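Chain nomenclature is as follows: A, B, C and D, assigned in order of appearance, with residue numbering initiated at 1 for each chain independently.
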Amino acid sequence: MEWIILFKKVLIANRGEIAVRIIKACQEMGIKTVAVYSEADENAPHVQLADETVNLGDPTPIESYLNIPKIIKVAQDVGADAVHPGYGFLAENPDFAKSCNDKKMKFIGPSPKVISLMGDKIAAKKIMEKAGVPVIPGYHGVKQDNSSLVEEGKKIGFPLLVKAAAGGGGKGMRIVHSEDVLKDSIESAKRESKSAFGNDTVFLEKYIDKPRHIEFQILADEHGNIIHLFERECSIQRRHQKIIEETPSPVMTPELREKMGKAAIKAAEAVGYSNAGTVEFMVDGNLNFYFMEMNTRLQVEHPITEMTTGVDLAKWQLRIASGMKLTLKQKDLIQRGHAIECRIYAENPSNGFLPSIGTLTKVESPTGPNVRNDTGIYAGMKITPYYDPMLAKLIVSSENREECINKMIWALSRYVVLGVTTNVSFLKKVLSHDEFKKGNITTHFIDNHFKDWMSTKEGLPVEALIALAVYDSMHSKTQEIVRYKESDPHSPWKHVGRWRMGADS
Amino acid sequence: MEWIILFKKVLIANRGEIAVRIIKACQEMGIKTVAVYSEADENAPHVQLADETVNLGDPTPIESYLNIPKIIKVAQDVGADAVHPGYGFLAENPDFAKSCNDKKMKFIGPSPKVISLMGDKIAAKKIMEKAGVPVIPGYHGVKQDNSSLVEEGKKIGFPLLVKAAAGGGGKGMRIVHSEDVLKDSIESAKRESKSAFGNDTVFLEKYIDKPRHIEFQILADEHGNIIHLFERECSIQRRHQKIIEETPSPVMTPELREKMGKAAIKAAEAVGYSNAGTVEFMVDGNLNFYFMEMNTRLQVEHPITEMTTGVDLAKWQLRIASGMKLTLKQKDLIQRGHAIECRIYAENPSNGFLPSIGTLTKVESPTGPNVRNDTGIYAGMKITPYYDPMLAKLIVSSENREECINKMIWALSRYVVLGVTTNVSFLKKVLSHDEFKKGNITTHFIDNHFKDWMSTKEGLPVEALIALAVYDSMHSKTQEIVRYKESDPHSPWKHVGRWRMGADS
Amino acid sequence: MFINYEHENHVYNVSVERRKDQYFVTYDNTEYEVEADEIKPGHLKIKLGDRVIKCVITKGDKDKFVFVEGDVFKVRNIELTGAKKNKKKDEGNLNSPISGKVVNIKVKGGDKVKKGDVLMIIEAMKMEYLIRAPYNGKVKKVNFKEKDQIEIGQNTVEITKNKED
Amino acid sequence: MFINYEHENHVYNVSVERRKDQYFVTYDNTEYEVEADEIKPGHLKIKLGDRVIKCVITKGDKDKFVFVEGDVFKVRNIELTGAKKNKKKDEGNLNSPISGKVVNIKVKGGDKVKKGDVLMIIEAMKMEYLIRAPYNGKVKKVNFKEKDQIEIGQNTVEITKNKED
């Protein structure tokens, strides 16, 4: 093994669970850490954990976690020799990467040029097509006026997708089933993209039937060595955002894995990639796969790869950025067992997955063998609309998929987050669904099986009522009363029950 | 995969972390659990977790966790169809196993006959010798009068070991370096063995120089299928009890692993073993190995095997006991990465590792990727002399040994257990020792490198003093006082410092 | 002790009596006799026959959250005085579903709107939320302007419903 | 505020002054100016220059436990009145090191013992602890009988030390 001097001090330009994850990796490696935080995050775990902390002020992201000059100045002031961007915020911002590198602080990620290239979905697809990586038929051209786009859309045929060139996470994306709503959808996607990314370029592409979202994790060093760490199946999505990820994919075969893995490495090679990265593919019902995009950062769902390969991706990011060669060889990598991640969101699945806000009154997570909880929350924390409503990630692994599902259901059933509405019950229902258990999943799974799902069709279970009544009785200040013994049928004890608000009981 | 009906309800005849571990395994598999507890453990985690709980009364082990008729009755009353004994207490008691089986409740372990056989260390060695498993030269005969034993001891030569036939965990064991203390040591070992196991039979054997304790994990079903799950290096011991275990062993080679693994399987075969089990070997400086004993139960250190193989041993115990065939094949098992376990004890390493008692005032354990904390403690818990002083097990795994040591040091540095003296600082010191890092360890490691170790040779660090002073100032009821500004050299502020109790300062 | 719990527009009348660690809970003509213990603040262990119900309860400003075997319910204690309260449920919900920023307003006072028309776009947590007309009608008042901060539950737009619908 | 901390037979004199979140701690002729915050009960975050010291403090019956960067110290606040207290340290420790059960007594009143002789065997937590004579002498009194429960710190056997030693 080659000896490289690691960074001495790394500033983590992020918050929440991913900042916590990175701080811990640094600490294990003997690297000092600097946390930055907005005023809303003063008591957040990433602030408690870090060796140094700097207040960025206003909670609005643009004033804090997205404020490039402010973060660069802080990093210089504390003497950081590298900056880790996490995911989201500035992780895929080439200007930020460049600003770091210009000030002789290593941006932990690929070069700004590569970020820039992969951030432009149209350009990225063109490069991949040239490199021989399969892409979906579509229009990725420069004509961006509505009528040209409508014409190109008609050529591709329906259903088709309108996607923001700068997009990600489902923002600026529309599915169009017929010609008559094409123009409206293009306009709406442009507006959302403009607002989210400051850029309203869109592209069109063929909409794939029974699509699965399967991505490959790669690691590439600065010396041209690239390996892939197998796939992640991320088809379970709502509002085009992943909520359950697993590996291996239930649909994967050794042959397909080899083919897709090679394509992922080819994609990274084509742009001179370094850092951990993810190559996202769409896989259709016949197991044809198409390059979708490449994420030039650590992915939310990286832990399931860590659990099945035993490789610590965050640590490798730090080693690679410090110039070290990949000592892991493709042939030595072992994919073992099965891992699932559930994203715990502050959102209401009974109401269109709308984010919920409030104060967390209780936070308790399950522990056990092969249960990992990546979290950035604490009891007393305010969930605000400023930041992404993802509260935590629960990751479990087992010998096989069936056991892994059972373990996840066990763990979710013991995951206590009170004070805001969360998707925990919903996640359990998805995992318990027969088609999920069979591995029959597509990106439409939630829409197909959980449309208009209500968490509590049955109303309040009697167990909850008993618990509430007991709790209130315990905490009531009134005297204990003597048991009311009469068996009079007109006794008030008989008159209690359930009735609908505003209706006759 | 074959379908077998699993147990419906399992009673766990144990307490602490291992009861918690087993309850969680059962719950994941959909098996109902019954916890038993003594009055001292009313609020213990295993009681909180289980589906049903039964109070066994008096905290004295013999009245509760060791009371066979009481536990059998409880198990029958609740309708358990199986009993899991954990480790310690009744785990290797053939009468208990037989009582369970007689009442048609499956004892989760091997047959009473096998337990009985392996509990008799002399008989066990004879069988192993016959089966071709190497054993240490020694005297395992029936002549138990002191003069015969002294004669046999002289034949073997010094140093030699006196060991209780029924022993385990270092109880009833004496190392004898010369003839003149042989008789005393034999007497003392007999007395301790009598008190601990109700049996004072001892045997003698050659004492091995630079010995390592290396054991192999096995799984054997009731249909004759046996696999081994590689080795555990358990040489780091104090008072003949393990405190740090790791896998793989730093001294292991693929050839030796294959040879020892085969010997372990042979040992299990020789007695018709079923259940998870451990074959303990002593390995000398030239990598010769000798069978020591076989533990017919789940081992304290089983998690490091789980982390490196991905196999859940507790679940396999349950499957095997329910009659299922082992679907794991030797050739499919993969040993990957490195894992270390540290046992957190309520004991004082500066004072001969004497157990410490008291009330836990704070308990907070580190979390992170590949950090597992198997624990049965909680803030407010009383640590009593009734039970073993092991509080918890901290287990971590990483890509390689060096990283694993770093991760363990990181985790121990964040392991907060206050209220009793623990061995946490000591464990850190052992892991940080150069010879440990090089893998140069034997069962004498602690004696050789940490004799008369004191936790605080340097006295109270100034950081602790500052923290204390700040804490007391914060919580003092007196008014804030105005800063005393004068720079008089006779100011009382200058006169504070450290002095020895009872001595002149 | 009589208690009324409101959960998703239903009210549940429960009575509870206590004798030491024993509780008698009556609901819907059934009496449940349970033993209960608060093992940690908010953590209840309730013995109902041979079942053990484990749950966690916390109190927020107005709501209680009850965690029972993996499911969470948001519940409110309410007082019922005299006749049962008749809370008028909105036919079409024009309240903001989320706290966020108003990024686009599509209508102004006096506009005619058709059911499903987008009235306002609110951005929060990096997503867009569309407020649509719940019926055909006429805009009476728009309560916000672009770039305004809007809180969850605030009324976005007031609409007079067409009579013929 | 002056405070005396006792830790393993040493006493540490410290003074501390507070001004809001700022503390001036003086020890051994050095003054430390720190900012400090109790982020959770017992959890302190102390800023000393550009270092952040994280520690956890809890109070037991008599002792405080301080956790600083992975190490734990057991400390007691003591009052010093007039002359410094002169606590007599036992030359040979005949107190029980552990709470447990007396399983064997090797001596009786009047016996002569030699340094290193086993006087009593105490069993606790499945281990045996031997109480040995710290010097040559004569047994004055045995404070326990076999099967007695013994508590940590209780005096096991009283011995009169031989004068010639």
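Points worth noting:
Basically, contacts are C-beta pairs under 8 Å (C-beta built on N, C-alpha and C of every residue); 3 or more make two chains touch, one makes a residue touch a chain.
Since the model is a prediction, treat every value here as computed from it, not as a measurement.
Comparing chain pairs A-D and B-D by the number of C-beta pairs in contact, the larger count belongs to B-D.
Chain C and chain D have centres, each the mean of its CA atoms, that are 57 Å apart.
Distance between chain centres (mean CA atoms), chain B to chain C: 51 Å.
Averaging C-alpha coordinates per chain places the centre of chain B 28 Å away from that of chain D. If touching chains are joined by edges, the resulting network of the protein chains shown has some other shape, matching none of path, cycle, star or complete graph. Pairwise chain contacts present here: A-B, A-C, A-D, B-C, B-D [touch as defined]. Taken together, the chain A residues at the contact with chain B in this complex read 21, 24, 27-30, 303, 306, 310-312, 315, 334, 336-337, 367-370, 372-374, 397-399, 403, 406-407, 410. Against chain A, the residues of chain D that register as touching in their complex are 39, 45, 50, 52, 54. In the complex of the two chains, the chain B residues touching chain C come out as 43, 48, 51-53. By the touch criterion stated above, chain A contacts chain C in their complex at residues 169, 171, 191-192, 195-196, 239, 351-352, 354-355, 357-359, 361-362, 364, 385-389, 412-419, 421-422, 424-425, 428, 455-456, 459-474, 476, 478, 480-481, 483-484, 492-502, 505. Every residue of chain D that touches chain B in the complex is listed here, in rising order: 1-3, 5-20, 23-29, 31-32, 34, 36, 38, 42, 44, 46, 48, 53, 55-60, 64-75, 77, 84-89, 97-100, 103-104, 123-129, 152.
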